[in-house]
């Protein structure tokens, strides 16, 4: 452990996800300590922009002027 | 924040999800307080009825008489 | 179904969460259609600001000037 | 409640998932106690091997010699 | 893989969770096939009744007469 | 977006989590492309070893000899 879940918009290639998995694993091993790469489990979950909303607007709509969180 | 994750059966239109995102954002801003709409992040995740079970029965099967949770 | 998962910072009262559950349930029933309130399952999960990061900064740190997503 | 979320690789039939839902429901009712089968909600979420990584390697790649977690 | 996430109300002992982990692992190995017990990863996440709602009512409130999903 | 969820055992300091958030954000920005750091949302969720099982054994028990996934 840790288990890492990454939810992202579609469009990345397999190689980009492979690079991300490698880089995130190294990042966690180097910062959290006490574990090796084999303890890091990563899953990618794609969501369409239509299935994500911020400020009540779906992300496939032009964003309202952002007033920040 | 908050992050809101909504898992639902397929079949809703984009407009229904847009309306749901707007309504849920307003509902949370009006009840939880201390934040504006831009702080509410919502994602929709569709699951087939075949991938959901209650009482040991998949939801694409006729439900056993419900004895309530 | 739907299952709704709400991840939020601590500090809300039980009454605020009760009001949020009621309001979100109504919001979903009124917009997604095809279901009654008894089909909406909501869970709240609190996370400390120290356990949430945006732009690489933990949310208990002063935010970098936001350039928006 | 409980809510059970099962993330797995694709390739199982509907009947395998139906059997898994039934068996997991019975397993939880028999071990956790204090609830009936109708209180157990299970969802299945499929992920491609390309979307899962252990030790920094995507699961559609030959695994590095496992040194265990 | 699979990754199994079990969200449940507090109050179970360590031994009940150990029994549940064993039984759920066996249930999945016997029904999904194509994997051994070492491929099954289970996590338990406790939620207070106050943090769970069905039909708009928090689960620490007397449930409204259930009309079923 | 992306939303990143990291489930890990307790025991890391705030500074370790701050370093992990920064490193994971950079890792994702550098590999997935098409976004800046402000689009990366990370949450940490701690679980006790008693609440995690592999191969049917809780992680606070001595692990059975690992035969690999």
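Per-chain numbering from 1; labels A, B, C, D, E and F assigned in written order.
Keep this in mind: a contact is a pair of C-beta atoms (placed from the backbone, for glycine too) under 8 Å apart; a residue touches a chain by one contact, two chains touch by 3 or more.
Note that the coordinates shown come from a computational prediction; the quantities given were computed from them, not determined experimentally.
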item: Chain B to chain D, fewest steps along touching chains; value: 1
item: Chain separated most widely from chain D, comparing mean CA positions; value: C
item: For chain B paired with chain E, centre-to-centre distance based on mean C-alpha positions, whole Å; value: 19
item: Separation of mean Cα positions, chain D and chain C [Å, integer]; value: 25
item: Residue list for chain D, restricted to those that touch at least two other chains; value: 1, 3, 7, 17, 22, 26, 41, 43, 45, 47, 52, 54, 66, 68-69
item: Contact set on chain E toward chain C in their complex; value: 7, 45, 47, 50-58, 60-61, 64, 66-69
item: Interface residues, chain A side, partner chain D - complex; value: 1, 14, 17-18, 21-22, 25-26, 35-46
item: For the chain B and chain F complex, residues of the former touching the latter; value: 3, 41, 43
item: Chain F residues touching chain A - in the complex, by the definition given at the top; value: 1-9, 11-12, 16-17, 19-20, 22-24, 26-28, 30-34, 47, 52, 59
